[in-house]
Every structure is written in structure tokens, then in C-alpha cells.
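Before we start, here is the structure in question, set down as C-alpha cells.
As written, the chain order gives the labels A, B, C, D, E and F, with residue 1 at the start of each chain.
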Amino acid sequence: MAHLFINEIKAGIRIDDIYMVSQPILRSTTRGDLYIAMYVSDRTGKLNGRMWQATEDVYNMLPKEGFVHIKGRSEVYQNALQIVVDNVSVVPNENVKLDDYLPRTNKNIGQMYADVKNIIGQLQNPTVKAVIAEFLEDKELMKKFCIAPAATQNHHNYLGGLLEHTSNMLNVANAVLPFYPELQSELVIAGIFLHDMGKTSELSYGMAFGYTDSGQMLGHIVQTVMMVNSKAETLQARGVEIDMKVVQSIEHIILAHHGQYDYGSPKLPMTAEAFLVGYIDNIDAKMKQVGDTIANEPGDSDWTGYVRSLEAKLYRRKLID
Amino acid sequence: MAHLFINEIKAGIRIDDIYMVSQPILRSTTRGDLYIAMYVSDRTGKLNGRMWQATEDVYNMLPKEGFVHIKGRSEVYQNALQIVVDNVSVVPNENVKLDDYLPRTNKNIGQMYADVKNIIGQLQNPTVKAVIAEFLEDKELMKKFCIAPAATQNHHNYLGGLLEHTSNMLNVANAVLPFYPELQSELVIAGIFLHDMGKTSELSYGMAFGYTDSGQMLGHIVQTVMMVNSKAETLQARGVEIDMKVVQSIEHIILAHHGQYDYGSPKLPMTAEAFLVGYIDNIDAKMKQVGDTIANEPGDSDWTGYVRSLEAKLYRRKLID
Amino acid sequence: MAHLFINEIKAGIRIDDIYMVSQPILRSTTRGDLYIAMYVSDRTGKLNGRMWQATEDVYNMLPKEGFVHIKGRSEVYQNALQIVVDNVSVVPNENVKLDDYLPRTNKNIGQMYADVKNIIGQLQNPTVKAVIAEFLEDKELMKKFCIAPAATQNHHNYLGGLLEHTSNMLNVANAVLPFYPELQSELVIAGIFLHDMGKTSELSYGMAFGYTDSGQMLGHIVQTVMMVNSKAETLQARGVEIDMKVVQSIEHIILAHHGQYDYGSPKLPMTAEAFLVGYIDNIDAKMKQVGDTIANEPGDSDWTGYVRSLEAKLYRRKLID
Amino acid sequence: MAHLFINEIKAGIRIDDIYMVSQPILRSTTRGDLYIAMYVSDRTGKLNGRMWQATEDVYNMLPKEGFVHIKGRSEVYQNALQIVVDNVSVVPNENVKLDDYLPRTNKNIGQMYADVKNIIGQLQNPTVKAVIAEFLEDKELMKKFCIAPAATQNHHNYLGGLLEHTSNMLNVANAVLPFYPELQSELVIAGIFLHDMGKTSELSYGMAFGYTDSGQMLGHIVQTVMMVNSKAETLQARGVEIDMKVVQSIEHIILAHHGQYDYGSPKLPMTAEAFLVGYIDNIDAKMKQVGDTIANEPGDSDWTGYVRSLEAKLYRRKLID
Amino acid sequence: MAHLFINEIKAGIRIDDIYMVSQPILRSTTRGDLYIAMYVSDRTGKLNGRMWQATEDVYNMLPKEGFVHIKGRSEVYQNALQIVVDNVSVVPNENVKLDDYLPRTNKNIGQMYADVKNIIGQLQNPTVKAVIAEFLEDKELMKKFCIAPAATQNHHNYLGGLLEHTSNMLNVANAVLPFYPELQSELVIAGIFLHDMGKTSELSYGMAFGYTDSGQMLGHIVQTVMMVNSKAETLQARGVEIDMKVVQSIEHIILAHHGQYDYGSPKLPMTAEAFLVGYIDNIDAKMKQVGDTIANEPGDSDWTGYVRSLEAKLYRRKLID
Amino acid sequence: MAHLFINEIKAGIRIDDIYMVSQPILRSTTRGDLYIAMYVSDRTGKLNGRMWQATEDVYNMLPKEGFVHIKGRSEVYQNALQIVVDNVSVVPNENVKLDDYLPRTNKNIGQMYADVKNIIGQLQNPTVKAVIAEFLEDKELMKKFCIAPAATQNHHNYLGGLLEHTSNMLNVANAVLPFYPELQSELVIAGIFLHDMGKTSELSYGMAFGYTDSGQMLGHIVQTVMMVNSKAETLQARGVEIDMKVVQSIEHIILAHHGQYDYGSPKLPMTAEAFLVGYIDNIDAKMKQVGDTIANEPGDSDWTGYVRSLEAKLYRRKLID
């Protein structure tokens, strides 16, 4: 039976389905009765849930963040929908179709990955080819690359977001590179393919999106460079001839792609290739973030609210069809 | 007879040709004899010139910056070429083939302008079309647009540079826009065509490149917006229906295209179109500046000197053919 | 009958008067009954309003921001006054004495405008005179100039505030200029008269204070300069001789009067006149803001709360009579 | 006999007068002969001096900075005047009319000091009066106050400059205060009188202008506050009743008058009086610096060179008589 | 009878003890009954208090911040403990053992002060000795020095905190100085002893921690320097020979110890001693703040929340025993 | 025969020894004769050298930077010593006692390395021990660690400087750690030992000090982290159990030890250990730089010149013996 999505729930209906529950709190009413407040969510939205006549036992059984089967009903309270929970039981993760609960790219992951492989498949330089191949053959990593989000917020913050962002950037680069023939295009393409690879380690996205410990302490830029260095050393240990100047130029692109010290780049761009990858990253991230902010702004005002990371309110009225 | 270019002059030859002279100074030797030091240049380079046994009269006749016919010879002094001037006479500008003396785009100006017109010729929105047409019909302005440099230094700092930069950006935009279909591409194209139009007023480039008084006091960003506003008011005065929201969106793109207050933009980008134009401007300017810096660095070091406006030394070794 | 001002309402009285209503929301009580929460305000203050036993029809009839006739009563709830609304009906704007609802300068607008005209009436330079006259003859604009606020917050944020601020600055300039005789005082006076003229376009103040679309996208600095440019072009088109150097110097004062790129000035001051106008603007704005903050701080503490735009808590104890 | 000022020296005349000599260096010509290069100056200017056929003894006798009687002649070398020194002998400071050698205000010091005393003589608050009187009675300090420069460069950098700057500011304040009647004008006047008093200790100006050790390590802001504190403690020790809140408010004005942490103010303004003193300080300093920069720019260009402390090139063409 | 500390109160017990009350507010319930909400605290924590069936008289009797004897009971409301107050009466401060109500160092104040005196007792330079002795003999000041907090928040923000921080720094300096024998260690030791002495005037800590008026307007850095200057002048007035260069070097250390203009230092370090004191201050403050933040973070997450003054979330998992 | 050091050369003596030559330039005199200008140096200083009557062949034979045997004499020219070169021949590096030509620590390298090994020899945690051991066993790397400079300028910029700096920091840490017992001291010690290890790759110091290509593009912070990561992976590949949390905490210390993004740290400190290592690094670097600047300042002024990297002029007068 198909999952009843949060954004399909109307007021006053029966609920009998699996949802993600988070941040449960045990409270008492003014009369002293215990109840549990919690969030009930899936990938389409999040509602308040209330379980009246709760007990400490039920509360202790609830995960801080996890899947439960909820029986109850929807109602309107203070102008907003909420879920009144009559009965709740924990559901093991393996019984859950995760895709229903975590936001996910609208695009086809397989197709995007094929697109990526097609573009990087045209690279010729032996060192670039060897390093890229080493990544492609790391099946575990490629699986994460295809499913990881590109960020916890701001842009492409959903499953498959990293792949979508990387794939877009590769296509934009392919379109732009012909106008700058003096560039070493293979460094640009390899740099883009790898630039955010460390996000597979920086971010956690099994249940909700967050940062891993190593992600917080090292950051995806350094994690990516470590991966590239490790692959190159592995190749050398296997006797493959590697031009370390080429590897370092790619590592430099990765280190410099945030473009400013304040944004976590320990080195500023020193090659045309590094400048270009930084700009294309910015274009793809900003076009996405502006588009999403405009799409998600409630109401019909011509202006969105202030977006701190864009330092702007956005004007969203279409003037030209 | 063809002009003998500065970069063709060898040591120990006779000189009998027109050059641009600048910054002449009258000095006396330790023995009390007067001589004149000056720069002698054309579009291919600049040398020191020395006129021994000079008089105050000759000095007073020399322009601070202008064309002169020089007779004399070349010699090496302290490891560098210089021109020993035996005789000098002023040449009226109209007798001079200006192109030999000012740096100039390598590309074909007519072809680039045709390319620009072709791209903006596809615009459909009535307001956009009317405003663009008003600019195209301003023949005086279009002449300047085709010949003005894009800057006094850093990038595209030669005759035709503004057109070359604008034309490149339009082509890059055309290549990138298909990946972001939600954008109002006509605003992007119109915004790029107009974004630096005020440089025709900000910069002086009759003889050498500099800033006009109004350029220094107002800046090309504000000058461009004034032009757009003036054209729109003229159209309205003629009874043409103009959607001022469209005009203001284009003016906003122009105001915001430097992306930061510190770079002279009085407004930060508030639309996807304004963000994109700023990034494409950056890509084209930086790719040009990096390329030129690498090409012009003397010696064979793998690194250029520190470039302040890029906050970097550049690595210029080609690693991939 | 005189309007019963918000700051005159005591607890427990009958209400039967016109107020501005804003941000109405339809909610349901825990028992499921609908009610409407809203703000009820005039120029002296704002209270919470509650209409119990409301219907969707009543809610739909209410403007998001507009005038209504309210019948009901005042009561204390959680230590604060609120209005219980029994009956509400929409009132057309033309039936309303707007002055009762929007904050307004305490000074006499006619007298201030006469004062301004008197000061600028002493200007002699033909170009300055012509441009100023063109502004004075734009009756539509002068009407807005007399009534517009100088800001939406911080200082002079009430009807007539722009005129009051401009008039104060002109008087301060007249007092200070004799100490700096080398300045071109006419540029200072003209620069001050015009410096914020674009606020008539940047701000909306028909009902509540906000920014217009063009104000957000272009800003009053650029809008003011466009106005000056447009007037000068109109004069030239009429055959009036205009010294464009003078016009540009005034435009430069306007562009530079915020004194820093971060405050939206695309050019920093390059003339003594531009520096002085910036400082006088700052003096008048800050004296007003400090005075108002001190006056409006509730309680009897010697210190106000932290004011972000002043980067300070203010000490407000009078030490000297 | 009147001193022959540097700016009166023509080429080819005999020199026989006292000048300040500074930075003498002993050098040898290519042929091995010793000569001394030095600067020769008075308050009207500075020239290069050369003493050929010098000896180590003569060199050792010369002060690093001090007065000497020079016999020799003027000549033009490389387009500039220089002094050829035939004979040099040290002159004790007491034999020198110092005013000829150090730059000095054009205004009348006695009159300016009377003006200052007149303005502060109108103060009424007992604490303000007592503290001010304590300063006026410190004859040693007042003597320094009348003669000290206001800075080593930028503005009022000549003898009497501190008094001139303070006197100007008091007059500007008197002109501006009537427009802001809510201010405690006595704090403003006292604050201005005292604001830079510590410059008498921060700067050294016996021979050339520089910083004292304590000036470098503590700075005039802190030195001024120490003076005020010390005077107030002295008064209290004598049994005079002092309102310490008043003293602290004046000290706060002094600490905050640079307006920004980066400019050496350890506290930002927290009172209207502190804001106003900072702005008036800025007006007087900037009007002076802009005026002097324009006046001193050689040549006839409409623009001065870039002035770092003003962040600008200045436009100096008079447009209005 | 021992005080029942806030952190010892369990749900459902009788309360009959003295507590600090703060921020009382009179409110009415929906039914119109009056009640008082307030905070009830001692040095171990703070709880919400509710007095139902309150009257305006009881409310008016309550101090805004002060001691009261409370009779009532504890209960859980909305998952948190609160105090239901049945009866309340004001208690004069002198009847209260203040130590129970204000947070206080865990270390022994007498011992720390002895430790400090021991370290500074080894100083030999006559000026340093004389100035330090003058401070030690100011019994009033030393009493404050022993009891004042080092800050209102961030680090050592409890009674005795200033002494603890100063004592720690002296010990760290003693440990570090042997590795840098070229330093003038007596300046370092004297500088540390005095560096925050002005906090005794900057902070108020009789009842709760805050800033005095002079503290806000002058700041402890300037207040400390004033103290040193005043003591030195007193010594000189008594005929003690004082090397003002030594005093100024200590004052410089004090002025510069925040290391940056933005942190309130009007001078940056110019001596090795000033650099070192700044770093040791930072070490001791940061080690304390990091330690306390980690210790006080509720829950068992490996990460604390974001701490603004540290610009970081802190990782608090112990990895090594 | 002992090398004649540059700082031992007097005027007018015969030269017949090996020196480092750098930046040779071929020039012609006014009469057209060719000569070579060059720098002649060893670890004690650098002089100008001139070879008159030079030929292009001699010039082409000279290394841009390398060792030559010079025959000639010293003379004074323009108040400075220079070397007149009569004859020059290239010397292979292997024939040169390098220590005479490159500046070098005054301390005993063997003893310092033993000291370092002693301190890190006390570490107990298995992961820390294993990683450290892996570094110690990398003989090639340890050799570089003992000889590399810590910087190209500012502090410890001589052979052995990295070891000296690391060794000092370890000793300071050992002295300070007892005062902060809650810290994980083994992370501090391991972090210090490793923190600048990448400088062995970042810097080139075979002949003169500079940056390697990888050093410029990646930087020693990232290069160090790569080394640690590579060693940890090697250990894991050998089956050694490694606690990656411990490794990451050390890597975090390394990444964060510059303390600010602007100084090249891509992560700010998130642990007490990371804060402490950053401060100790700063103390040791600054004490060294201040000490050297004071020692090397020529003349007898109480103040050094302005040092950009310290943002200060330094006061260097000893006030206390």
C-alpha cells in the first residue's frame, strides 16, 4: 500500500502508516496528566504530533529520531494541521522504504551517473585517467557519491544532490571550455568530478542530514584532498607511473574552489583552471539556491524573505514569459 | 612605408619614423649641458629616449603626450635598448595611423559586433527590444562601444576590448543558459549587452588610456544606468510603451554586476539573472587576465610574480598538452 | 468627533472608532471555534485585537492592511491591553483622516518647505539655479518631498521626515560653511537639497512604511542621481546652457554621501564638498536617532538597550541641566 | 639680517646662512673621493646638499638633525636645485630663531587662545568649570597646548596646529549646537577643549615632528584621559566637590572621539555628545587636509595624486567662483 | 540550618527557605485572577516561580532583584521543575549568607592571594616594587581584587574569578619565562598582576553581575591604566623616585593585552612582554571557557552547541584517559 | 683552510675563496664595455660584486644561484663594501661545505632532536604511539625535519629552525600543561611534534630558502595532514589497530593551528588542545621574531622600523637588568 505523504494529509482523517518521528518530549498538562509532543515527518513535510494520556514507558520506547507506525487522526489546531497519536510502535529501518522519508533529487540517478562517466570517459592524460579510474573502481565510494546530498542546507540538500550538482557542473564546464581554449580542460573536468567527493565523508545522511565528526573537524575540502592523495599513493605503490605535478594541480583546484579563506579554502586560486572551477561551482550552487528559495517562499509576495547566505531578499516576479 | 614597430627595433640601427612621445623632462648633465629624457612608444612597446644637446625651445615644443617624427638611432645602455634622438618634430594627429600606436584587439571588430547584434537580435520582449534598439540606433555610442577598451589595466585593456569582452560574455551566457531554464534569459542577454556600456564615458582612450572626470566621479556602473534610464525616458516621451519593471530589472543587473559593495556595486544581486551576469563577467575577465599575465611574464620561471588584483602568483607550467 | 487614539485607551471601555488593522489570522480554539487575531493601530501605537466567534466570511472581507470601523471593548489580558472586537466593517481610505494613523513630523511642513526654498533661493550659479528650479517646478515631486519619511526606521521615520532632515541639514550647513570659506558652498547647499530626493521613489508610505520594488532594486542614491541627470537632460533639450561639470559634481556628492562602499555609496568622496555633506548627514541622522532612542526607551534605567545601527547602548542620564 | 628662505633661493647664487641639516651620509665617488650628501631645510622647504672633498672629521662633526651655518652656492642638477656646500659649522640652538625653521600656523596664536578661553569661559557646571580651570592654570601645559602641532602629518601638522584645530572645532560646535538643543552643550564644549590635549605629550616638536616614547606606547587618547583623571583627583584631594559622572562623561567623549576601534578608540560613542564631537573633529580635520592637499599639489592637473588617508584622489578644479 | 540549594530540590517537596527573586511580573489568568511570575535562584541554579492568587500589594512589595523568604512547594510543569509560592516576605541583605547565592570560585581565595603575593614578592626593580607595593597597601582595592569576577560571562564569571585568573596567569608565566631569558620578566609579572585590576571598577557584583556606568563608558583597560598612573603620581608626590619609562612599559602591556583594536586595545603590542601577556591571558581564558562549556553542556552529545565567542562548536569526547 | 666569511671582509684585501653567487646580470657601461653585476654571499651576509671587462661567455657560464670560486679584491664604493671580481670559476656543490653558506641554528641539532624524542617517548596511547613511531622510522623525513627551516622569513628562518621551533614548543607545552589537567596532553604533544612537519615539503632549502611548487599550491598545513593520513593508512594496511578518532583529533589540531581562516587554517579550533597548540605556536614564533628584530636593527634608536607581520614598531630599550 502506498505511503500517505505528509503533504497529502487533510484535516480530520484517520492515520495508519509509518512516519519518521523526531525530538519527542514528555510533558505534563496543567492538570498533571502526561503527554508526548513530537515531530512527525516524511520527505514531503513535517507536522506536530501529540500523544495524550502517554506514559513514561511509551516515551522511553520512542527513538529520538527514527521510524514508527502511527495510528491516530489529523486535526486543525491554531490554524495548523497536527497529528493526534492514539497508538505508536517502533518499526525497524529495514522494513522502511527510505526514499519516502528523505528528500531526494527529482532527476534520474542512474542517468546522471552515466552522464558523468561519459564526460570523464573522454579524458586522455595518463595520470588523470589513472586517478579517475581508481575512484570509479571504488564501488563503495561511488555508491555514496550517487546518493549523498551536496549540503545540509542552501543548495542540492537532498539525496543525490552531490551527483546532480557535480553532473550539472560538468555539463556547464563542457559548454564554457570551448571559449577558453588555452585552459587545460582535463584538469577542469577532473577537478569538478572530484571537487566535493569528500562530502561523502563529511555529511551523514542515513536518517537526517548532518555532519560526521570527521566532517566537522576536517571538512570536505581536506577530506577530498586526502582521498586523492591516498589514491595516487596507492597507484604509485602498484607501480603505476603518476605525474605528481598533475595530481597536485588537481588537489590545488580542490583546495581553492571555495575561492576565499573565509569560506574554508586554505589556498586561493593560482591557475586559470582553479578560478574557473570556483566560478562554475558558484553558478550552479547559486542558481539552485535562488530557484529553490523562490519556489518555496509561501504566499504571493513579489519578494522572498531575507536569505542570509545570499545576503539578499530575492525578487521573484516573472517579467518575461 | 610601413611603420617600424618598437618591438622590431634592433640595437645600432637608424631611426626615421613617427612615434608617440610621453613625459618629456628637461635635465642638465653634471657638466651643465641640457638634455631631454622621454618615452618613445607605439602599440608594441615603450623605450627610453634621450636627446642630447637639447634646448629649452625644443623641450617647450614637445607635447606631454603626442606624436613626433624622430630621427636618430638605437643603442644599448645598461643592458636595455634606448633611442638616441638627433632631431624631433611634431606630427599632427590626423597624419598618423592611430592603430599603430594604441594596443588593439586581435579579433575582428566588425565580426564581433555582428555577432553581438545577432545574439541580441533574437530578443522578443517588447520593452527589451525597444531599449536595445534605442542603443543600437545611437550610432555615436555604438562607435565608441566598438572601439573602447574594457579597462585601463587588468583585462581587455586595449581598443576593442569592451566589445570583445561583451561578445565573449554573450557567447558564454548562450552556452550556459540552457542548463538553467527557469531563468529569464532575455534579461541576462540584455544585461550583458549593456552591463559595461558606461565605460565608453568612464574611460578616455584617444591617446592613452585613462579615466574621464565624470568616470572618476560617477563610475561606469552609474553612468551605464543613467544611459539606460535616459533611453527609456526618451522612448516613453515618444509614446512607446515601456514596462518599467523590466527596465529596472536590467538596471538592477547592471548595478549589482560587481557583486560586492567594495567593488563599487551599490546593490547586491537580488535575482538569479543578476547573480549569473556577475559570475560570467568574472569568468571572462579572470580567464583573460590569467592568460595575459602568464603570456607576458618574462623569463622561464614556472611562476609569475604576485598579481595584486588576483591575490596570487600564478603557476604557468603546462602539464597537459 | 475626535479619534480615540490608541495611547488614550484605558482598560474596560467601549470602542467605536476607525483603526488600521493589519496581519489578520484566522485560528481555531481547542474546542474548534474560529476566531480572528489581528493588530489594531493608529499613529500612537498598536494593540492586539481578538474577534471571537468569527467566520471565514468576516476573515476574507478583512484587508491585510487597511482601515476598519471597530465596535468592541478594551480589556487586560496577560498584563497587557487588548481589543475584543464584536463587529468590524471596512472603511474606504478616502473616509479616513490619514494623519491620525501614520506618524508625522511635529514640525510645520509649510514652514520647513519655505525655509528650504529660502536657503536654496540664494544660489547664484546659473547651472545650479536651473537644475534646482527644475526640481521646484516639479510639483508632483515637491509634494512627495514634503510628505515622504526619511527612512523606514532609525531616524526621521515619519511623514515629513525627509523634509525635516533636509531642512535641518541645510541650516547646519549654513552655520558651518563660514568656517571653511575655500569650499564651493553652492555645491554643498544644492547637494544637501537633492541628496535624498530619491527617497520619494525608494520608499512607500501610503499606508505603512516600506520599500518600493524599484527602491529595493536600485536604491535612493541611484534613483536620486537618475532624477538629477534626467532634469539636466531636459534642460539641455530645452536649450538651457548647462555646465555638466557642475551637474556631475553634485551627482558625485549624492553618490558619495554615505561615505563607505558598505553603506551603498558606489564612489567615495573626492571633493571637500562631498566630505562635508556626508558628515552633516551623519550628524543630523545620529543626533535624531540618539535622541529618539533615549526618549522612547521604556523604564527608568540610565541605559537604553543595545542599538544595532549605532553599535551601542546609550547612556541617557542628564548630568547637566 | 633676514634669513634667506629655501623657497626664495634661485639657481646660481651665493649661500651664507643658517639652515637645518638632516640625514647626512658620507659617500665616496667612483674615483674614491669622499663627499657628504645631506638635506638642507627650513620651514619653507628642503633641498639636497652636497659637500665635495669632505673628510670623516667634518662628517662626524655634523648633527644627524640640527642647525649649521652653510657657506656655498646653489645650482641646478638634474632639473632640480641643490646646494653645493663649501664650508659648514655647527650652530647652537639658542642662536637660532626657531620659527624660521619649523612650519607654523598662519593664524595668531594669542588671539586663538583668547578665543578658546572666551568660549570655555561661558561654561557654568561646577565640575566642568573646576576641571577646565585646573587645566588653564597649568601654565606649562597651556604653553604646550598653544604651540604643539595637531599631528605629524595629514592635518594641522605645524606649530600651533593643535590650538588652531581645537579653536576651529569650538567655533563649529557653537554654530551647530543651537540646532540640537537636547544635547548637554557644556559636555561638548569641554570635550572638544580637552579632546587632543594629550598630543602635547604624544608628539615631540622641538626640532622636527615625531612621537615621544610614551606617545607611541600609550597614545594621546589615553594620555588625555590620564590628564583629566589626574586633575580631577587633584581637585578632590584639595576638597573640591567633583561630580565624577560628569568627569567620566567627558572622559568617554575623549576615548570615543576617533569613532572606530581601528582608529584607536577603545570605546565607541554612547552619548549624543560623544557622537557630535567625533563628527566635528572629522569635519575640521578633513576640510583642512583636503584644502592643503589641493593647495600643495604641484602642476595644473584637475586631480591630485591618490591620498591614502583620504582613500581618494581629489578633484580640485573650482567650478563656482 | 543549611540552605536548601536549588540543585538539590526534587519534585513535590515543601519549600521554606531564603532565595534570590528576580524579574517579578504581575499577570492575570484568562479568568481574570492575578498571579505573579518570577525567577527563584541561588548560586546553583534558577527556577520559575508562580504565586497564584497574588495581589498588587504583594507584587509592589517584591524587589526587582533581591532576597525573599519563600514558603511553598516544588512541582513539575511541562517537564520542568517550578516553585509554587504560597507566601513570600522580603529579607534584608544583611541577614543573608551571600555566598549561597552568588557563584564563586571553587578554589581557596586566601591561598590564591598568598600565592599571588609570593610571586610578586620576588620582584626587585625599585619602580616595579614601589608601584606594586602601593597596590598591595590599598586594602580596599585588594579586597575587591580578591572577590571580583573576571567577567560577566565567558570565563571566570564568578566571585573570586579575577583572582583565580590572575593567579593562574602568574603561574603559567613563571613556567614559560625560563624559555625566553631575553625578556624582562619583571615587566611580565607586574603586567599580569595589574592587567585586569580595573575590573574591580568595571564590573558590579554585589547582587548579580553587570557593568558599572564607568565600566561601560571607560572600560577596564583604561580604568586599570588610570589606577597605575594615579599610584605612580602619588608615589612621586611622596618623593619616591619612579622610573616613568618602567611605568609606561607596564601601562603599555595593559593597554595592549587584548591584542586587537576590535577587542578594545587602543594600542597593539610593541614589546615582547606585551605580546606574551596577551597570549597567556588568552590561554588561561580560553582553557577555562572551553572546559566550562564542555562541562555544562547538557545531554550526552559529543558536540556542544555553537559558542559565539569561541566561533566554534566544541568536540568534547575524551579519547585518551 | 678556513672560509673567509663575508662579515670578516675588510676594505682593500685580496679575495680568493668560494662564495655563493646569485642574480648575475650582464650590463654595458656608458662607453659600451660589458660588465657583470652579481650578489656574493655566504651565511654571514651578502655584498655587491662587480666583474669589469666581462664577456658574454663568462656571463653564460655563471649559475643563476650557485657556488663559484672568486679571485679579486674588496673595496668601498658609495660608503659600502663591494667585491671586484677578477676571475670566477664554477664550483660543484659537492666540493662545498654547505654549512658555511646557509644560515643555521646556533643550537645543537642532535641534542634538540634527542630532546624531542625524549618528550614524545613518554606518550602512552597506542594510536598516538604507533603514528609517532611511523614518523620516527621514516629516516628520510626525520633528516629533513632536523635540517629544514621553520619559515623563509619572520622566525626560525635558518637550517634547523623547524626542529628548534618544534623543540621549544614541546618544552613550553610541558611547562604549561600541568596547569590545565583536564586536557588530553598526549594530543597536545603529538600535535606539536607534527604541526609543521609538512614544511619539509613546503620549503626548499638546498641552496636558498623558497617554496616548492607543491608548497605553494597545497601549503604545509595540508601537506602535514596528508602525511599523517598516509602514515595512518599504512599502519592500518599493516594490520595495526588505529583509533581514527585519535588520528582525526591530531589532524584537526594541525589544520586549526593557525587559528584564523585568513592565516590559512581551513578549520578553526574546536578542542582545548587545538586552541592551546595555536597559542604556543604563536608565543614561540613571536618571541623569536621580536627578539631577532630587536637584535638585528642597525643603529642605536630605541625603536625598530615598522614590522609588517607584527603590525608594530618595536621598543627595544632594556629598562630592567
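Simple rule for what comes next: contacts are C-beta pairs under 8 Å (C-beta built on N, C-alpha and C of every residue); 3 or more make two chains touch, one makes a residue touch a chain.
For clarity, every value in this text was computed on a predicted model and none was experimentally measured.
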item	value
Topological distance between chain C and chain E, in contact steps	1
Matching chain pair for A-E (criterion: over half of the contact pairs shared, by residue number), options C-D, C-E or E-F	C-E
Interface numbering overlap (same over half, different under half) for chain C and chain D	same
Where chain B and chain D are represented by their mean Cα positions, the distance between them in whole Å	44
Touching two or more other chains - residue numbers and ranges from chain D	213, 216-217, 245, 249, 252, 270, 313, 315
Chains that touch, pairwise	A-B, A-C, A-E, A-F, B-C, B-D, B-F, C-D, C-E, D-E, D-F, E-F
For the chain C and chain A complex, residues of the former touching the latter	25-28, 30, 213, 216-217
Touching residues (chain side chain F, partner chain E) in the complex	125, 128, 168, 171-172, 175-176, 178-180, 182-184, 186-187, 243, 245-246, 249, 252, 268-272, 275-276, 279, 282-283, 286-287, 290-291, 294, 310-315, 317-320
Touching residues (chain side chain B, partner chain C) in the complex	213-214, 216-219, 221-222, 225-226, 229-230, 233, 244-245, 248-249, 251-252, 255, 261-267, 270
Contact set on chain F toward chain D in their complex	76-79, 302-303, 313, 315
